Each structure stands twice: as structure tokens, then as C-alpha cells.
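What follows are several structures.
Shared chain: chain A. Partners: chain B in the first complex, chain C in the second.
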Partner chain A sequence: MPGRLGRGLLTALFVAFVLFLYGPTLTIVVLSFQGPDGGLTFPMNGVSLHWFRRLFERQAVGDFGASITRSLALAAMVTLATVVISLAAGMAFRRRFVGSAALFYLTITSLILPSILVGLGIGLAFNQAEIDTHWWGSALGAQLTWTLPFGLLIMLAVFNRFDGAWEEAARDLGATSWQSFAHVVLPIVAPSVIGIALFGFTLSFDEFARTMLTAGTDNTLPLEILGMTTTVTTPVLYALGTASTLVSFLAIGLALALLWRARRQRA
Partner chain B sequence: MRAWFLAAPLALVLAAFLLVPLAMLVAVSFYDYDSFRLIPDFVTTNYVEVFGSMVTWRTYGKTFFFAGITWAITLLVGFWVAYYLAFVVEGTGKRTVLFLLCTIPFWTSNLIRMIAWVPFLGRNGLANRALQGAGITDQPLEFLLFSEFAVVLAFVHLYTLFMVVPIFNTMMRVDRRLIEAAVDAGAGFWRVLWFVILPLCKPGIAIGSIFVIVLVMGDFVTVRLMSGGQSASVGLMISNQISLLQYPAAAANAVVLLIVVLMMVAAILRIVDIRKEL
Partner chain C sequence: MNDVELIAVTKRYGGGAVAVDGIDLVIPPASYTCLLGPSGCGKTSTLRMIAGHEEVSEGDILLAGRNVTALPPAKRGTAMMFQSYALFPHLSARDNVAFGLRMRGVAKVERLARADKFLELVHLSHLAERLPAQLSGGQQQRVALARALITEPRVLLLDEPLSALDPFLRAKMREELKRLQRELGISFIHVTHSQEEAMALADLTVVMDHGRIAQAGPPREVFEKPASSFVARFIGGHNVLARAQGSFAVRTDRMRLAAAGNGPQHAGQVSALEYLGAAVRVVVAAADGTEAEALLADADFHAAPVALGQGATLVWDLADEHALAA
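Moving on, here comes the complex of A and B:
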């Protein structure tokens, strides 16, 4: 184990790493409250909510209201689909079945393929099948190829440590398989389900690499931001960043609160 | 039967949105095209153009450079951050809180985290102001933003988490008695690290490396945003061809990238067996 000096150095490294992680984001949060005459860097030229108001003026910066509505709706659909599909697949993977290894490797492949390949492939497939791409269709599928591997890996980790005796007890007491799932398995794995929902929501809400070529004509929020990076040179970009980060933090906060409650109820 | 029924939704989604698109990608890479449309055909001109162009080779060189340097830095930083969390921090509660602190940025937007470097690195940014204030330079450094330096900085900023989490996971599973035994046998800090901890952490290092390398090899936004269009990557090359509607050329490039990435992953898996981790 490291000596006192080593511990000091590692602590310093960790603090520096955390500052490195959060520093830039905190900076743009502060700068998004620039006064109306303020620029993209310090100094602050007064403090105001000017740039947040500008967000909602339609012509000023693309269409913030519509794109964030789309992103939230899409994230909700992706979250629901990711939770249900991962949970079902997790139950299936508790026993080997014909094709289970192939399906597992396919899921891992989905995770590690460069996103631009997945997006381009889906775009081409829809194009050749002459189906229009939409954020609620092709982009939904594209995002699931990104969120489902996380969901499945979490479920596999959970069921690896799951004690099957609980279910046997339920069965001995006459529970149907649905009853033993709903009243025994689900409450035990609930914290992981919350975790999968957090992954599903935040990964979808911020996704752009797989969405870009599959969303069709209407932009999601990250695509709107991507378009703005080259055209907008005012702190309204930071206001958008602050708003988007706030949504992510609300999701993380909600998930942590639910986890904490689930843990307390069990204790 | 029941297992198939439960696994079917996952299989269907992946078949429709991964397998079919990949097959389409391969098919289109052999298509012919003119300025208006794709012409279903079986021609190899797209691949001849990919391999015949110096731009391809230079772009791959640049992309390997970004992947290599990002991998080395994220591994170094990620390893020691994970080490700190696993072996220096005491108490489960404190460890969980600090670990969460490291992972929370993963759930926020990568785009915003890139944009957030602007007020730091710009001409009148904090870094330049600090350097000039300290008298280290008298002119603002131009290379900070819109440069390869900025690209690597952003990659490290975005992807070090992907190293920390798997390495931390394997470190937490290291049997502490092994370390005690090594210390009792007279091993110092570095010998314990090299002969006990490092070998046991190889699977975590391999998983982290796969993530970082694949993410950098396929990137097309970080390079564009952070280099201000002054640098290139394979992903960016593909996305440029897409915006020019040269789909078969983009598809051929994508198939080559796919093969290169799969070969890199296979190479990592040959060196380290990660099956225990899965």
C-alpha cells in the first residue's frame, strides 16, 4: 500500500480529476447567466436571465421548445422499451437456450460498433425500403441499439447473484410463474430496474451519433445543439447547455432518490 | 420456449436495427451511384477508391494517432483514479459517493461537455488569461482551441470514465489477503502493484481499452468541433461523404472501419481473457 506521500499524491490527482470533470460544465453554467451584453468568455457583464429568455424565442436559436419536447418524449419511450426488453431478456438469460450465446455476442457487438456505422446502416436500410425516417421510429430503434446492451449487462450482473430459492419458495406456496415474478423477483431486482431506467433516459436524451442519420427532418435537442455550435456565438448556447444538463441532473437525482428509498424500505 | 419468448423482443430489435442495417451497409458498399441516386450493382470501385486514395491512409494514420494517445492518457489517469477509489479511500459510504461523483458526467451530454471547453481554451479564455497573468507568455496561445491538442483534451475529458469504471470493478474484486501476503513476504509498493494488482486488473483494463479505442476510432463530432475543421478522422471522412450523398463511398469506408475496429477488439481479446468479467 502507498505510503503517506503516495496517498497525498493520489488524493491530489483525484481532486484534480474531479475538477477537470466538472470545471468546464460549471463554467458554462455560470456564463449562461451573462448580462445581455456579455460574451462567450469571462468577464461577466452583469447577471441576468436574458439568455434563457432568448431560448424560448423561436426565431432566435432554432426551435428549442419543439426539440426538447421531442427529446423528452423519445427518451420516455426509450426508457420504457429498454426496461421492459432488458428485464424480459434478463429473465431469459438465466438459463441457457438455443441461440443464447449468439444473442449475447450480438448485443455486445451493438454496444461496441462505432455509432456512425449503425446510423448509416439504418438510414440506408430505411432508404432502400422506402420508409421515411422519423425520430419516433427509426431513431427510436437506433437509440435502442445503444441502450439495450447496457440494460442487458445490468440484468445479467443482477441475476448472476440472484438466489433462486426465493422463487422456489413462492412456487411451493402455490404461486403461478407470473405471481412469483411480480411479487418476488421484481421487488428484489427493483433497484437495478431503476438503474436501467436511468441509463435508458439519459443515454437517449443526450444521444446524437446514432440519431443524426436516422431522425429524419425534425431535430432532437442534441441535434439542435450540434447545429448551433457552428452558427451561434452568444451565451444562448450556454443557456441551452445549462438547461440540458439540468434535465440530466434531475433524472440522476430522481433515480438516486428512488434507489435510496428502495434501500430504506428493505432495511 | 419460454426463454425464446422472453428474449424475442431483444432479438427482434437487434435484427431490425443492427443486423439488417449492417447487411445493407455491406450491400450498398458494392452499389454504383451518380449524383442523383444509388444504382444497385456489384462493383468494387468504391473499395478501389478507398484503398487507392492517399487521403484514406493519412486519415487512418491521424485516427490511430488520436486513438493511441487518448488510450495512453486515459489508461494512466483512469488506473490511478480507480486505484485511489479502490485502495486508498476507506469506508464503503465514502467510496460510493466518490465513485458516483466520477460517473455522473457519463449521464450528461457529451456535446455540452465539449462546448464547455470554449470559455477555457479560447483566445480570451481562462487558460490564456492565467498564463499571461502569470507572465508565462505575453501573447495568447492560439493552439489551445481548434487544434489537435483540444481534440485529445476533449477525448480524455469524455472517455476517462470508461477506463475508471471497469478497472475499479476488477480492483474491488482483488482478494485483499493476496496483497497482505505479498507485503508480508517483503514486497514493496511497486512490486505489489506489478505482480499482484496489475495482473488481476487486466480484464478491467481490457474492457476500458476496448471502449476508449472504439469510441475514438468511430468519432466524427469531437474531431470536427474541437479541431475547428482543421483535423480529420475516419468517422469525419465518412460523415462528409454522407453529407455529399455519396452513400456507396461512405458505406465502403464504413465497412473498412468496421473490419479495422473488429480486428483491434479481437487483438485486445487475444491478449486478455475477459470472459470471467462477463
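Moving on, here comes the complex of A and C:
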């Protein structure tokens, strides 16, 4: 047990850490409720929802609504693709196939490569091939180079602990391969699959480096925010930050609720 | 008609290793068979080939006269109970038991009713709603048993079913398995490395070694007339001794401590002494290092006790010697 002084120091360190972690976000949340005449900094000039209303109006510079819609649609596509491909790949990697080791290292490499280079490379390749870059095309691919390795690593860890006897038992009891997957494998790995979906969604929603050079003419939300930080000088930016944080919390809450329901069904 | 027939069944693995080497075996109807042997002897591979979870490299497997060598597990008329039980963790005991019927498309009401009947058979009706994680090892095993039996197999295959249980539960479960086999009138094939289990349960004991059958017969025959020194050693309760004419086995309970005489004998020093309750185990090491042991009734031992390190002679009757092939 640390002494009184040690405990005091540790507590101070922990408080400082939490402040560093959540302080900025909290500041933004507070400032987003700035009154109509308030500025970008303290003090608060009244309290209002003015800037949230402004969020949905036409902006002088930039367009929140469209970029949020794009980001949500892109995150949904990335999530779906990540879940389906990671699950299938995880199943495939349970058996050693020709080139499995090479494929694994190739996949992991895209985690290690600097994101900005991956984005640049994809952008250049599309340019060379004379295909236009779009958020729903090249940027989708670029984001998958980020989310798929994560998904695969999680799936490998899950199947590493997966008892093959479950599938044998299912087969012994007359299940076809598909029945064994649907009734045994999928329900058992479901919590991890939900985890991967959550991961994919959040990684995509605030992805920046890989998307920047591959999104083409229409911006996703993070790109739009970057563009606006230099030109917009009202707390509407803060309102946007608060709103998008809320979206992330909702996604996490939804996933936790799903997990909780799955666990309750088992109990 | 015989329940199971193996004809020159061989299992070869990728690297050329032979797990099962051309074995022939006939399992009569409604019998309890134990495949017995040390680890790596091929007993589990043999069981898994009968189940259809392992491909047969060569040879044929007949079930009730029908060649099932190429059939999938569920089409064979066998059911398997796995060593780890392999209960589905997300399903209740009842749903686990009903799984086989669900895969066959039996309607929900009917399959749950039948699952309840089989849970009753293994005395688990009161725990039907529990998940596997909420059951003890012994209870999990009963669920696994009910789940395998609900498909109404002609042959139930059990892979080391008792090895995960504590000794008390193991003895109880052993009785239970035998009772179920009798009641259901089907064949059980049970893989084990415990000769005690095999002797207690089996109508037919199959001792395996290095992918071959070392001896197959009723437990009493295997114990009284072991075919080889390997069988005599593995089945236990025997001394394997050698003489110029060849090696022979003598049961340890036929050895006596006595003064040296004209009959066969083994003289040396007491190198181990174990009190086992009803009996005492005395190991005598000769000058050349060969050991022989006697299992003496406790009253006999205490009438003329010996101590560790003391000189002693073990004697037996010539009639108790059983000549061994190798």
C-alpha cells in the first residue's frame, strides 16, 4: 500500500489525466450552448440552443448536413463490409491454406504503413487509372485498409479460443455446414462481431488521414470540419462537435444494449 | 447382425504417420466395448473414424451390416459424446438436447417434449433451463449424454467420458453409463486409458498399442490370459518375468512372501511398501535390478510383516504362470 503522500500524488495524477482526456471535449460541449451573441471563447454570453439550430441551416461556408449524411452512410458501408469480410476471413484463417501467412502479413502491413501514404497511394492510383475519386468508392476502399486489419486481428483472437468440437458436435447431430455456422458458430462469436461493427463504425466516422486524399469533391464530416476551422468563426463548430460526439455515444450505447440483450437471452 | 465391424481399417496422417494400422474388429449387438491403451495408441482415431469425424485411409467400416465408410456422421446411426462435452454455450440444457431434432426439422413443441424426456432419463429435468456454464461437470456430462442419445443411435461413441470427473463422480457415472447401455439396448463404444474403467464396464475389452489391436476379448480373459507382455503390463496386476525359456506373467495377488524353497521364486530386497487398506503392496528388487511385486491381503501381511530395505523372497505356484508370446 502506498503511503498518504503517495496516494495523494497518484490521485492528483489521475485527476490530471482525466482532465486532459475529457477537459477539451467538455469545454466544447459547454461552449456549444453559447448565447446568440457569444464568441468562440469564454466567457459565456448567455445560454441557448442557437448554434444547434444554425447547424441545420445553410452555412456561409461549408455544408454540415450533407457531410454528416455522407459520413454516416460511409461508416455504415465500412461497418457492414468490415464485419462480413473479417468474419469470413477469420473462418478461412482457421485452416492453413496456400499463401495464408503471406496474406496475413500483407493485411497487417496496411496497419503499419503511415495512413497518409496509403491515402496518397490510393488517390494517385485512381488518378493514374483516370477514375474519379469518390467518398463512396476510393474513400470506402481507403477506410477498409484501416478497419479490415483490426477486424481480422479480433476475429483471429476469437477463433483462436474457439473449440472445434462445437462444430463437430453440430455435424454429429445432423447439422449441415450452413446450419452449424448459423446455429452454433455465429451465436457464439456474436459479441465479438458486434465489437467489430462498433470498431469499424467509429474508426470510419472520424477517419481523416486516409480519407483526405481519396474522398474526391464531396467532403466527409471530418474533412468538412477541417475546411471550416480556418474560415468559420462562430460556435456553430462547437455545436457540431457536441452533436457528433452524441452520435458516437449513441453508437456505443446501441452496441452495449445489443450485448446486454444477448447476454440476458443466455441467462 | 453385428453392430460394428471394422475391416482392415487404417488411418494415415499427412506426414505419413500411421495412427491406426489395419485393424479388424467385430462388435456384437447391444454390447459395451472399451477401447483401451496408452495415449497415441490409435484408440481415439479409431473411435473418430467410426463416428465419421475422421476419414478412413484404407479399409471399411460396417454398421449393422451397412458400409458407412463414406457417409457423414449423422447418416451412420452413431452419436458421439465428446471429451470436452462440446455443449453449445449459448443454449440451455433443454435446447442443447433438442439440437439434433431441430436440425432434422422436428417441430418445436415435439422436440422440446422429447428433449424433456431425455433429460428425465439422465435425471436432469429440474435443470432444463440452465446454461452449460451454470452446470457442474457431472451435470454437463449428463446433458451431453442426453443430447447424443436423442438421435436414437444404434451405437453411442464416448471419448474418454469420465476423465474430467473427480473420482467419486467417476464411479457413479460409470454405473450410470452401464445402466443406460442395458436399458437402451444399444452398443456403447468407450475410449479410455484406464484399465480399471475398462474392466468395470466392458463386455469386450480391446487393448491397443501402436495402432494395432494387442488383444480383444472379455475383460476376464484379457486379465487372466494376457496375450503379450505389453498387455500384461498395461492391464496391471501382473508381474512380467523372464526365464531362459521365455517370458511369463504372474498375477501380483498370487505372489506370497515366504522362505526360499524349491519352487519358482524372486529373491531380493523390499524396495517399496504401500499400505492400500484391504491389501499391502510389496515390491521386491533382485540384485540385478529386476522388480516383482506382491499384492498381499492385509491380514496375511500383518501376520508376518517385512520392512523397507529388508531381504525378502516372493514365491508362487508354477500353475499361476502364464506364458507370454513376447
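Just so it is clear, the second predicted complex is superposed on the first by the 253 of 267 C-alpha atoms of A that agree within 3 Å, B and C clash if a C-alpha of one lies under 4 Å from a C-alpha of the other, contacts with A are read in each partner's own complex, and residues count from 1 in each chain.
The rule we apply is simple: a contact is a pair of C-beta atoms (placed from the backbone, for glycine too) under 8 Å apart; a residue touches a chain by one contact, two chains touch by 3 or more.
Here the structure is a predicted model, which is why all the values come from computation and not from measurement.
Contacts of A:D206 after superposition on the shared chain: chain B is touched, whereas chain C is not.
Once the two complexes are laid over each other on the shared chain, residue contacts for A:F52 go to neither chain B nor chain C. In the superposition on chain A, A:F159 contacts neither chain B nor chain C.
In the superposition on chain A, contact is made by A:V184 with chain C only, not with chain B.
Within the superposed three-chain model, A:A169 lies in touch with chain C and out of touch with chain B [touch as defined at top].
Set against each other, chain B and chain C touch different numbers of residues in chain A, with B touching more.
In the superposition on chain A, A:T109 makes contact with chain B only, not with chain C.
In the superposition on chain A, A:L226 contacts chain B only, with no contact to chain C.
Per the touch definition, chain C reaches chain A in the complex via residues 51-53, 72-74, 79-80, 82-84, 86-90, 99-100, 102-104, 131, 147-148, 151. Residue ranges on chain A touching chain C, taken from their complex, read 163, 165-166, 168-176, 179, 183-184, 187-188, 266-267. The touching residues of chain B, counted against chain A in their complex, run 2-7, 9-11, 13-14, 16-22, 24-25, 28, 38, 77, 80-81, 83-85, 87-88, 98, 100-102, 104-105, 107-113, 115-120, 122, 124-126, 129, 157, 160, 179, 183, 189, 192, 210-211, 214, 217-218, 220-221, 225, 235, 238-239, 242, 247, 250-251, 254, 257-258, 261, 265, 278. For chain A in complex with chain B, the touching residues are 1-3, 6-7, 10-11, 13-14, 17-18, 20-25, 27-28, 31, 40-42, 81, 84-86, 88-89, 91-93, 95, 97-100, 103, 106-107, 109-110, 112-118, 120-122, 124-125, 127-128, 141-142, 144-145, 148, 152, 156, 198-199, 202-203, 205-206, 208-209, 213, 222, 225-226, 229, 237-238, 241, 244-245, 248-249, 251-252, 256.
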